[in-house]
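There are two complexes below, and they share chain A, which is joined by chain B in the first and by chain C in the second.
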Partner chain A sequence: METLTIQLQAPQPARGRRAMAIVGVVGSGDLEVLAERVLAAEECHLEISTAIAGFGPVWQAVARDFVERRSPGGVRFSINDGGARPDIVAIRLAQAARLIEEDQPCT
Partner chain B sequence: MAEWQQNRARRDRRIEAGIKLAEGKIVAAGDATRLLEAVIQPGDRVCLEGDNQKQADLLSAALLAADPARLNTLHMVQSGVVLPAHLDLFERGIAKRLDYAYSGPQSARIAAMLFGGKIELGAVHTYLELFARYFIDLTPHVALIAAVSADRDGNLYTGPNTEDTPTVVEATAFKDGIVIAQVGEIVDHVPRVDIPGDRVHFVVDAGRPFFVEPLFTRDPALITETQILTAMLAIKGIYAPYGVRRLNHGIGFSTAAIELLLPTFGERLGLKGKIATHFALNPHPALIPAIEAGWVEQIHSFGSEVGMDGYIRARPDIYFTGSDGSLRSNRAFSQVAGLYACDMFIGSTLQIDLAGNSSTVTTSRVAGFGGAPNMGSDARGRRHPSEPWLKAGADADPVSPAPLRRGRKLVVQIGETFGEKNAPQFVERLDAIELADRLKLDLAPVMIYGDDVTHIVTEEGIANLLLCRSPAEREQAIRGVAGYTDVGLARDRKAVEGLRARGVICRPEDLGIDPLDADRSLLAARSIKDLVHWSGGLYDPPSRFRNW
Partner chain C sequence: MHVSRAESGGDPVGSRPAGAGPRSWYEASARQRLDLLLDPGSFAEFLAPPDRVVSPHLALFDLPHQFDDGIAVGRGRLGGRDVLVAAQEGRFMGGAFGEVHGAKLTGLVKAARDLASTPVLILFDTGGVRLQEANAGELAIAEIMRAVIEARAAGVPVVGLIGGRAGCYGGGGLIAACCSALVISEQGRIAVSGPEVIETNRGVEEFDSRDRALVWRTMGGKHRRLIGAAGTFVDDAVAAFRAAAIECIGENGAIDAAVLAAEQERLDTRVQRFGTMEDGLDIWAALGIPDPKSVPGMPAETFIPLADQFGVNGHDAR
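For the complex of A and B:
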C-alpha cells in the first residue's frame, strides 16, 4: 500500500454547505472517495491510498486537472483506490465534488 | 496426350477408400479417425471448420487421433485456431503449415508455438481474405465441416450457425475436393437444405450438437460509467451529425453500451429512425431493447448467438430466416455487407499508436484478425453514395469538386484510455512491430491502419482525424484524447487547444454532455435478466450468464 498526498491551491471555494460526502465503492477497479470541508477556503488536498505503485505522476495530473476544472476549495479528499483506472478516479472525484456542493447539509 | 481429369480421378480414389467405412454416406463416430486416415493424404490442404463461434469439434478430435505415420505435414487452411486440438495437431506433427484468420482463445499458445517454430505460418488473414484464397491458391483438398443434422443423401441443415460452411463447401466440392460433415443427428428430412447433398461425400453421426461459443454476449451489469460516457459521446458526436443508419458494431462493452443507450439517451435526442436502423451484426443480446423499442429495421448476421434462436424466430421482420423459421447466417456475405454496404464500423482495440494504427496483438499474444479489418476499412471499390459517406469524404477533402470526390467510410475506435490492468490504450510503438521483428514477418499485424481510422473516442472526447491536415496534427489530435496515458501527458497543450477550437477535438462539454450524467441508470437493460424481460422471455441466455 502506497500513500500519496497532493496539496493544491484552489482558486474558488467549493459551493454549497455540506460538510462531507462519500461516493463510490471499495472494490476491484473502483474506488471510494470521502470529501470533507475541513481546510482553508483556498486549499485542496488529496490523500490517496493505492495498491498500485508507480502511478504518482498520473495521480498528480488527474488531481491538477480536477482542481483546475472544479475548484473545490476548502475540501480534503481521502481516496481508497481499488486499483481503479484514471478515468474512474476522475469521475469519482467529480461526483464527490458535486455531492458536497449540494445545498442541504449532510444529515 | 495431356491428362485433364487427374484431380477428379484422385477424388474418386479418395471416396472409394472412405466408402468402405460408410453405410451409404453415413459413417459411425467411432470410425471417424479411420475415415480421415483413408481419405486424407500427407501434405493435403485441409480446412477444419471453425471460427470464432461454431466448431467441427468431433472431427478435430478425430484428426488429432490419427496416426502421424499415415497422416502428417498437413497444411491447415481454416478460419479459426480456437480449440486446443487445433494446436495439438501441430505438436503431433499431423499438421505443419497454417493459414488462418482468428485465434482469440489460443492467442498465448499460438504465439509460443510460432516462436518455437512448431508452426510454419503462411499468413494471418481476415475472414474475407482467407475465403477469397480458398478460390485462388488455398483451395482445400478436404473440408471437415459441422452441421446440425443430415438426411441419408447428405443434405445438411446447419441451423442458425451456418457461418462459413457454404463458402468452405463451395470451394472444396466444386474443385474435386472431399467434404466430410459431422452432424448432431441423422434425420429422414432436414428442416431446410443449407448444403445440398451432392456436395457432401461423408456424414459422421456425432450424436450430439457441435460446440458453439457465446462470443457476442455482453453482460450489461459489467458496463462501466466510462463506457457509458464514451457511448454518449459517440451517439451525439458521430452517429447524429453524420446520420449513420447502416453500420457494424464490434463486440466490446463500449458498443454494447451504445446499443443499450439507443432507447434512452438516443430517444431523448430524437434520433429514432435517423440512426442505427440497418446492421451487419451478429444477434447481439444487447440490441434487444433497441429492437423492441422500434429502432432497428434489419440485421444480417455472420453467425448466430447462443440463446438467441427463439427470439430470432419470433422476429423475422428483423433477421434473415429460412423456410424452417430459424436464422440463416453467412459469414462471407455478412463480411461483404460490412465492407461495402455499411457506412460505419465502430469497435474497440488494445493499442493505438501516434498515427492511429491499432492492434490487438501484444508481444505474447497473437489473436489474429477475424473480420474487424474488413469492416474497419474504407472500401476503395465502393461507388454508391450515402449521406454519411459523402459527408466524411467532404471532411477529409474539402477542396476537390464534389462529383469527383470519394466518400469515406466512418471507421471509429472507441475505448477507455486505460484498459485491463491499467494497460494504456495509447502507445508510442505497437507491440505488433516487436512481434513482427521476432517472428521475421514482412508485415506487423495491424488490425486497422491509421489511414482508415476516421474518429477516436475516449472518455476525454472525440478526435476527428478526417479534419487533420498533416501527420503532426493527427498526432496531437490523438494525444489530445489519450487522457492520462504517457502519450496523452506528452501532448502539446497549445496545439491541442487549437485543434479543439477547429472542432477536430470535441470535449464532452463541447457536445453538451456532462460526464456526471454518464450513469448506469441510462442503460435500457442493466443485467442479462433485464434483456430476458425485454425479449418477453424469448431470449434464453446460456447458464454461465444466469445468476438468478
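For the complex of A and C:
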C-alpha cells in the first residue's frame, strides 16, 4: 500500500455546515472519499491510501485541480482507493465537496 | 461509541430529488438503501466512517480497506417504529464478512437481543466469508447466527432484505435462514455455495455457472419465493422493500421449540416433494403453475399473485 498526503491552501472555506460526508465504494476502479470539516478554514488536505503505487504526480495534479475549482477550505479528504482512474477520482472528490456543503447541519 | 447522523451517498443522489422515479434496490449502494428505506433523516450510525474501524488484515495482503469495513450499522425508524439496521455493501470485497464487518453485525443483533423489543433489519449483499480473514469471518457467521436465534427467542423480529448485486451467499445464506422473515426481489439470490463454487467442486456438467437462467431458477428471488424460502417477493424498488419491511417488523418473529419443529417439518416436506427434481421448472410445474416457462420473464405485478396462489407459504414456520 502507498500512502500520500497532499496539503494545499484553499482560497475560500467550504460552504455549508455539515461536519462530514462520505461517497463512493472501495470497489474495482472506484474509491471512497471521506470528507471531514476538521482543518483551519484556509487549509485543504488529501490523505490517500492506494494499492496502486507510483502515481503520486497524477494524484497531485488531480488534487490541485480540484482545490482550484471547488476551494473546499477547512476540509480533510481521506481516500481509500480501489484503483480508480483520475476522472473518477475528480468526480468523487467533487461529489464529496458538494455533499459536505449542503445546508443540513450535523448533530 | 461514535454516533453520527447519516449524510452519505454513493453517487450524486445523496438525498431524494423531487419527482424522481422509483429507485432500484439493486443499483443503490448500502448507504443509499438505508437513506431511502428508513424514515427520512432517522438513521444514526454506530462506528461510522470517521471512527475508522477498519480491517486489521487487508493491509497484509496489500489490499485497500474501507472505513466502514463494508457494513453500515445503526439505529433508525421505519414507519415510525424504532429499528436496528445493518446494510452490507456488495461492491466492497463482494460484501464479504471479515472480522470487523462480522463483529459490527454481531454487536447490533446482540443489542437487539438485550433490548428485546426493537426489530432488526439486515440488508444482505454478500458473497459470504472474506477469504483473506476466513477464520475470523467463519467465527463471525457462527456468532451472528447464535445472536439472531437469541434475539428471536427474546421475541425480536429479525428481517432480511435481499436484492443486491452480490446476492446472499455462503454464511450470509446461513444467517438468512435464521431470520424470522425474508423479503426478496427477482435480482436477489439465496444459497450457501454459489454457482462458481458448485461448478469448481462438482464440474460444469453438475452446474454451469455461466448459465444465468439456470442460476436464477435455482437460487433467484422468484424460485426462492415459490418454494417458500422467502416469504415476500417485491419489485426491485426501494419503496417496495420499505413497504414489505414495515409489514414484516409488525409480525411475530419469536422462535421456540415448537417453531423450530414446524420449520424442520417444512424443510422435510420440501425435500420429499421436490428433492428428486432436476430443475426449478420441474418444481414450478409440480406446484401447479400452468406455464412454468413464463415465470422468469414475468413482471413483478403478475408474479406476486401467481406466487400467492401456487407458491409455498413461507410464513408457516421459520
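Assume the second predicted complex is superposed on the first by the 105 of 107 C-alpha atoms of A that agree within 3 Å, B and C clash if a C-alpha of one lies under 4 Å from a C-alpha of the other, contacts with A are read in each partner's own complex, and residues count from 1 in each chain.
The rule is simple: contacts are C-beta pairs under 8 Å (C-beta built on N, C-alpha and C of every residue); 3 or more make two chains touch, one makes a residue touch a chain.
Since this is a predicted model, take the numbers as computed values, not measurements.
Aligning the shared chain A places chain B and chain C next to each other free of steric conflict. Touch criterion met: A:Ala51 reaches chain C, while chain B stays clear of it. Angle at the C-alpha centre of chain A formed with the centres of chain B and chain C, after superposition on chain A: 70°, rounded to the nearest 10.
Contact with both chain B and chain C is seen for A:Gln95 once the two complexes are overlaid on the shared chain. By the touch criterion defined above, A:Glu43 reaches neither chain B nor chain C. Contacts of A:Val62 after superposition: chain B is touched, whereas chain C is not reached.
In the superposed model, more residues of chain A are touched by C than by the other of chain B and chain C.
Minimum C-alpha separation, chain B to chain C, in the superposed model: 5 Å. When the two complexes are laid over each other on chain A, chain A has residues 95, 98 in contact with both chain B and chain C. On the side of chain A, the complex with chain C involves touching residues 1, 18-27, 30, 32, 34, 36, 49-51, 78, 80-82, 95, 98-99, 102, 104, 106-107. The residues of chain C lying in touch with chain A in their complex are 4-5, 7-12, 14-15, 29, 31, 48-50, 59, 62-67, 89, 91-92.
Chain A meets chain B in the complex at residues 29, 52, 55, 57-58, 61-62, 83, 85-88, 90-91, 94-95, 98. Chain B makes touch with chain A in their complex at residues 224-226, 229, 416-418, 422, 459, 483-484, 489, 515-516, 518.
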